[in-house]
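Starting off with a structure, shown below.
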């Protein structure tokens, strides 16, 4: 049982890390603010989601798992809102504003 | 080489960079930033000292850790005060600079000697 | 060399890289952004140094609140006249050499530890049970070195009064401007309605858990302060006038209770800042709760800045 | 005997007084914030006699017993806990600072009156709270037995002092305050990194424990150097003095008096604690000479620049730069080449007396200058003619302060410089004697420059802008007299400086 859970953890966290890597490349390479935002948020959610998913079997008990999931939810929330704010600012002042 | 030594050296380097920024950068806000970097470098030195003194089943000596917590709060208070001063200066003069009187730009150069 | 060591090396390199960016970046804005990232990386370093309490403090105060202060300042300084004074090359060279020397001196002290590394950890743990606390850092902060903690609270209050003192005379008794967003923003308002209930739960939990696990008054207070600031920035609630009696009372309630319990130690435990046996934990928890409130209000008001206008009646 | 010193610290009778000396100001700060600005002067009025009384009782205790007072906070002995200790140095400094703070408090009633105000106003509220906080921080610095507690006390002092500099909100003073804050922060962070290294090497920051464990090694040396440089920046020792003149000269008179007389003594006292108590054998001959050289440079530089000033307050501020130099001359003079240690003999007494007489004299001079400024509406030295007739008591106070700075008998400054000169002669370091004599000449020069102008009768009767209250003049005169008469301690408690100091015992048993 345990080795399978560990293998699952390694696989999921690696997948998450891969998404983070892709997102970071996108952040650096995409041409303007909006596409960069797209890269960062989309991949952050997936990346962190996979990392949290992978760590769930390693957490100690239900409370720990709950904490992990709430971290993901909070990052989702703040990510979505901050993206909105930045995008709004870009629309208002132009990409260099 | 272990984590304690590694982050201790990192802290030492940060102290150097922070000090350099504090002394040479003419903009007050950048000086405040440099002070924060310098401070965090010092805290890392504390952290290294705490980590290498791990004993009694603890990951580190809690005494330096408590000191760092105190010092972080003090550094935040200092930053708030410095920024309030910079902004008030901006309001009064339209500028944020330490040099109204010629040589003032180099006035903090003494800070390193 | 374990794999975690390579992880640490990567982290240290990142910290150094981002840290030097805050010094050498061309614009102040870039430097501040780098500093916020730096604060988060530093928090991870503190976890690696087995100092979770410090990591929480660093993330909340060092990175979060300081970052917010600096960002606000950069935004307002954008229109400042820049005088084009650059520090001369000779000065920079001399400063560089001296700073390098100091860094090298520190590094040598780190690389040449004493033969027997002194530690107070066993002594802290031996006496911790007596206080009923489980978190050794809380033990140091509230039992062994309580005097430092008490004085440090007074330092924060003085800094706040110092910030307030920068107001023009006519604005005394007014409210801090906290001009981060000029216009109300629907998205931000949404966040400011959704997050604070959650944040308050986390802050209270952090304070409550501090007695036995990492956390405590500083960290909890910083989270509460952040929630309060969010509400104020979104414009849901105006910052209070600095003359409000409830504000002043909240500011002093923590240190005052701490001092009162410390003085009670004269009668109950035969020494200043000593706790009577068996009652240490409830007393410390009471002090921590009061301090959390005071710290939250003090940090929030520190970040909000000096009063700028008198409330219109 | 060494056995006696290994005994663990314990709270001594009268140790409670040490707690009181810190708790009283802290309570007053909290009360002032809670009750608001209209009550703050009343709170200060209650605090001042109490604080003064506590300081005198501690002094009397230490003097009578010749022993150190100790209080173990929370019953946790160092290294785990924190000890408060009062030896002769702390007791003498505490009394001095208490006297200065009380005189400044009396003086400040005119400018920062809150009793008549209908609402809380900014400047008086901030002034009184910060004055009380400075007092508390200074007491903590004098009594603190732990280097990290002393760091917190230093920060307390900084945060209380900086707002006083820019109390009037003018652009120049804001700039001076910002510069002061940056220097002070640099100083305290350097001090902090030193404490980190010391803790890493010795596992304690308690001064008494450190003095037993300390030995020469790279980390100790690095720590000591960084801490000393940081404290120099806070004390404004040449060449780290650049922040001081604008900060001290721009503040309101009562604030200038506190900043120049009291605040710089805090970091100076820590330098003394560090080298004489925590690590008496670490400084080395070269280090002592280097500190002395910085002091000498400060004397020469500060005096020469003071001579060239056209404004009275700036002249007094530069005079502070010079007088700070004297304080550091005691390091080479106290250095005993035989034992390679700093010894608490005549030179230490001289240095501390210099700090005390400077504190009282400088506060009196800044108060007098403030009154002159208020009366004339300016402080241009060239236009001081006639002021001696208009404000005789004030000018007399200023002159008496100058007498102490120059070092004429029977002033405290005379006794201090005499003890330092004696040490210079005994140890054969004639060059420091030369510097001191030259400094005395310079000081006479700028005092003469001011007084000669002030004593010239005016061509037409002076029109004073405001009537200067007599009690303000009396406060300045009281401090000036205190400075003058502090030389008379030679007849009485001059040996109090040696009370409760471990080196005295060690030298005796050698």
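Letters A, B, C and D mark the chains in the order given here, with residues in each chain numbered from 1 onward.
Quick note on the criterion: contacts are C-beta pairs under 8 Å (C-beta built on N, C-alpha and C of every residue); 3 or more make two chains touch, one makes a residue touch a chain.
Since the structure is predicted, the reported quantities are computational estimates derived from the model, not experimental observations.
Ranked by number of C-beta pairs in contact, the top chain pair is B-C. Centre-to-centre, using mean CA coordinates, chain A is 27 Å away from chain C. Centre-to-centre, using mean CA coordinates, chain B is 14 Å away from chain C. One finds 56 Å separating the Cα centroids of chain A and chain D. Under the contact definition stated at the top, the residues of chain D that touch 2 or more other chains are 148, 152, 155, 159, 162, 166, 169, 174, 193, 197, 200, 203. Residue positions of chain C touching 2 or more other chains: 102, 106, 113, 117-120, 124, 144-145, 148, 152, 155, 159, 162, 166. Among the residues of chain B, those touching two or more other chains are numbered 15, 19, 32, 45, 48, 52-53, 63, 67, 70, 74, 77-78, 81, 85-86, 88, 113. Touching pairs of chains, sorted by label, consist of A-C, B-C, B-D, C-D. Partner chain D is touched in their complex by these residues of chain B: 15, 19, 22, 28, 31-32, 35, 38-39, 42, 45-46, 48-49, 52-53, 63-64, 67, 70-71, 74, 77-78, 81-82, 85-86, 88-89, 92-93, 98, 100, 104, 107-108, 110-111, 113. Contacts from chain C toward chain A in the complex involve residues 185, 187-188, 190-191, 194-195, 198.
Touching chain B in their complex are the following residues of chain C: 4-5, 8-9, 12, 15-16, 19-20, 22-23, 28, 31-32, 35, 38-39, 42, 45-46, 48-51, 53-54, 57-58, 61-62, 65-66, 69-70, 72-74, 76-77, 80-81, 83, 85-88, 91-92, 94-96, 98-100, 102-104, 106-107, 110-111, 113, 117-122, 124-126, 136-137, 139-141, 144-145, 148-149, 152, 155-156, 159-160, 162-163, 166, 218, 295, 299, 302-303, 305-306.
Partner chain C is touched in their complex by these residues of chain B: 1-21, 23-27, 29-30, 32-34, 36-37, 40-41, 43-45, 47-48, 50-63, 65-70, 72-81, 83-88, 90, 94-97, 99, 105-106, 109, 112-113. Chain A contributes residues 74, 77-78, 81, 84-85, 88 to its touches with chain C in the complex.
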